[in-house]
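Supplied in structure tokens, the structure appears directly below.
Letters A, B, C and D mark the chains as written, and numbering starts fresh at 1 in each.
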């Protein structure tokens, strides 16, 4: 295992110290229990958004804290949901009297720990709602699974619900927007290599030099199937089809397309993938009117990428375009 | 070799098509000879900035084209300087009558090809100046080398000279600012793994599982020395010392600190490194008043990072803070 | 011979030791069909428990000990296993509230409440390839042993043995809960890590009752 | 027997073939002490030359052929070698401007001008571990052979042989120009890739003169 760390047990805490030093005007980092919140939190009268989950997916979620997006992020250990204590602390810290929305990726651990924190926060008089993101079409959503995973589409939910909260929507309205975005988002990912969790010391899965994992999760959970390495265009087509079919997206739709690097995929390769996805969608009559290319929801140093598609309407487009000022996503101010 | 590409020979062209599709309002991509320029180029009366070099360092340089930074970027083949033709085409495309500054990283190939292009542009009546960036302290700057390499500090030159041009400085003034930034910038990098150039198909160097390369270049050129893997703090100290000594930076200085990922280093690790660099500088009385953490000057999928330090003054700080709107760096608009 | 505070503390101490010893095995199992953190999560939690237990009033009743385990695991483990084990110990503590000494009936109630706590949070059934596949046979075997008039030590031994074979029974299953459920058929042939940690913890309970090593 | 357009075209064609054949070797050498693209750069350039040459007027004089090589290499190779070889062919073309047939004197002028072009752009001296370590001995050997009254084919053979041993002489050197200069002592024991491509190109010139394979 080759990592730029001091000790697997201190990596999250030390990174948080780095975040605090790098973004003094923007973010406040609280230690014990650890969380990151907007430097100007609580914003009185604004619905507050809190997200979180295991570390190792940076910039998700801490990179999305700031004006127009999240009010707080709660990092757990690497690939491990945070416990209720810091979620509760973050929730109390950012509540501006208008209630708090928890944005939770659909993993058993995340759901349970956020649930407990929400109960405790409600007991302290803070109104809490939750939206569970589950955009990953690689997993069958049936009674026989824990349901779809929340993956890179979570960024859409955080940005757009964040903009709704920033414009002054109330808790019900922000929750409804978040749910609407999640319901209109589909994603799927591919891994070329496996990530190595620092405390595990070994890659999360073994994969041959000429193999790729289709339908990979963001924690190195194995995916749908293992196939031989293919040209980029073929891989893009392979994961775009189930995304389009699932919603389904249809001719005439306008979409936001995210080509998301999983950590170690060069930007030049992400643009190669973007080109193909854009072309294939165009051929189906689907127009990419907004886009994002980069590594936003990562899996440590895993090589791979995911595609996420959100069906846009005028309101969602306007909220996507609204100003945002965070460490990882910034425009309009 | 595991890459998300179709063919080593088409990767740059396909990525450029992706860039064009992803940033329609911001960038124009010209093919034959290939270059990227601001969608609103030429900006009449503004000094234009053109940079370029081998591909594989994305977002450098194309990600820095836009308001307040570069007017054009010229991508060569992976890790290979572009030829004079596209440099000339870009220079002619963006000249707004106030002359063009070439920002060239100090490699024999880049210098020679930009030189030829500048001669040809001058022959067409365009005034051209060049600044050669050479911030890499890993290389001895002596008669016995090709001189220091231009590495991640190039971003400082592009941003700050871009802001000077945007505010209306003339060609001499913009050139002087660019030179001043380069003269006050020092960098050094470390590799944990080697990049693989697509057409080469093999890693650029062999490195053991417990070894790191100190003083790595951004093209997989081997560095100063090969040592055993160390904790992050020790590595940071090891490369920060020669940077600080070289200018030298001194107690009382205010600096801009860039912790730059080389491609496959997780953001969480970059923040661990940032923390240590910030701490060590503080202990020496050097204050980090501006900072940047992320993968800005990469070397394909190489794991590793570099530190860059710029000694700030009031004017450089103001120019750094000035609005910028590019694919990879954006604030203030 | 009923079991009191000494047993409760010893159970916790043994659990912490065996989880630490088996950390890498739990990580490996979770790497295969999950995300590779189960051993790390559990070790982090139980080390914290050991530290806190040292500060607990020596006269604290067994229910207090289990409550401390519950709150500590909830606030240090994270992941799926944190809330699940946390709720298990919380409910187990409730089932023996006020008792200084635990007889067979109390032990069966403790185990049953723990299992019910996991089900309350995680909604898993036997056969879903989760820790429930260890807990439920353990509860049933303990009930049976108690009905047959066995000693407290024998009841816990029966529970541990049933948890161990329950854990082994997860090998051929397709998972329907937790991360392994994403894998479909590919989970077949792998043992559920949470069922293994449950079996280790219940074996620690039995060992604490006999003073064995 | 003087050498004319057929020779010039054959030289270019043979150069393109041998560069393509030796592509991976040039890449490997450049991987060791540079950035691993020299074979790719040179192959890209010479393939473009071959395409363009097919369109050149069949009656074009040798100087026209070399000029086409120069402009094509400049606009397709990039890197350090593009402008260096480009200038070499440009100056070589200038040295034989107007000649339909090249005698020994013309060949020596051609080679000397090419070498001077590389020096003009790259400022390297013999011993800096660059392609100059192949070019300069080649120019000297050609001059000597010509002074001794050898045939054109013999002059080119002498140049090629000297380039080959000049290239080999870079092995023990520390580099003072180009990327390898960053390496200091670590460049010792490796051959400079540009000197190898120069030797290949000069051997192609000699082979074209004898019609050998």
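We take it that contacts are C-beta pairs under 8 Å (C-beta built on N, C-alpha and C of every residue); 3 or more make two chains touch, one makes a residue touch a chain.
Keep in mind that this is a model prediction, so the values were computed, not measured.
Asks: Report the chain whose mean Cα position is at the greatest distance from that of chain C.
Replies: Result for the farthest chain: D.
Asks: So the centre of each chain is just the mean of its C-alpha atoms; given that, what is the distance between chain C and chain D in Å?
Replies: Averaging C-alpha atoms per chain gives centres 76 Å apart.
Asks: Could you work out how far the Cα centre of chain B sits from that of chain C, in whole Å?
Replies: 55
Asks: So the centre of each chain is just the mean of its C-alpha atoms; given that, what is the distance between chain A and chain C in Å?
Replies: Roughly 33 Å, centre to centre.
Asks: Spell out, as numbers or ranges, the residues of chain D touching 2 or more other chains.
Replies: Residues of chain D touching two or more partner chains: there are none.
Asks: Mind pulling the residue numbers of chain A that touch at least two other chains?
Replies: If we look for residues of chain A contacting two or more partner chains, we find 78.
Asks: Quick one: label the inter-chain contact graph as line, ring, star, complete or other.
Replies: Drawn as a graph, the chains make an open path, so a line.
Asks: What chain pairs are in touch here?
Replies: Every touching chain pair, ordered by label, is A-B, A-C, B-D.
Asks: Sort out for me which residues of chain A touch chain C in the complex.
Replies: On the chain A side, the touching residues are 33, 54, 76-85, 107-109, 112-113, 115-116, 138-140, 143-146, 149, 197, 199-200, 202, 204-205, 217, 219-223.
Asks: Can you list the residues on chain D that touch chain B in the complex?
Replies: Per the stated touch rule, the residues are 27, 31, 33-37, 40-41, 44, 74-84, 121-122, 174, 176-179, 181-184, 186.
Asks: Within their complex, state which residues of chain A touch chain B.
Replies: The touching residues are 2-7, 11-12, 14-19, 21-22, 55-56, 58-59, 63, 78, 192-193, 209-210, 212, 229, 231-233, 235, 263-275, 278, 288, 291, 293, 295, 298, 300-301, 303-305, 325, 330-333.
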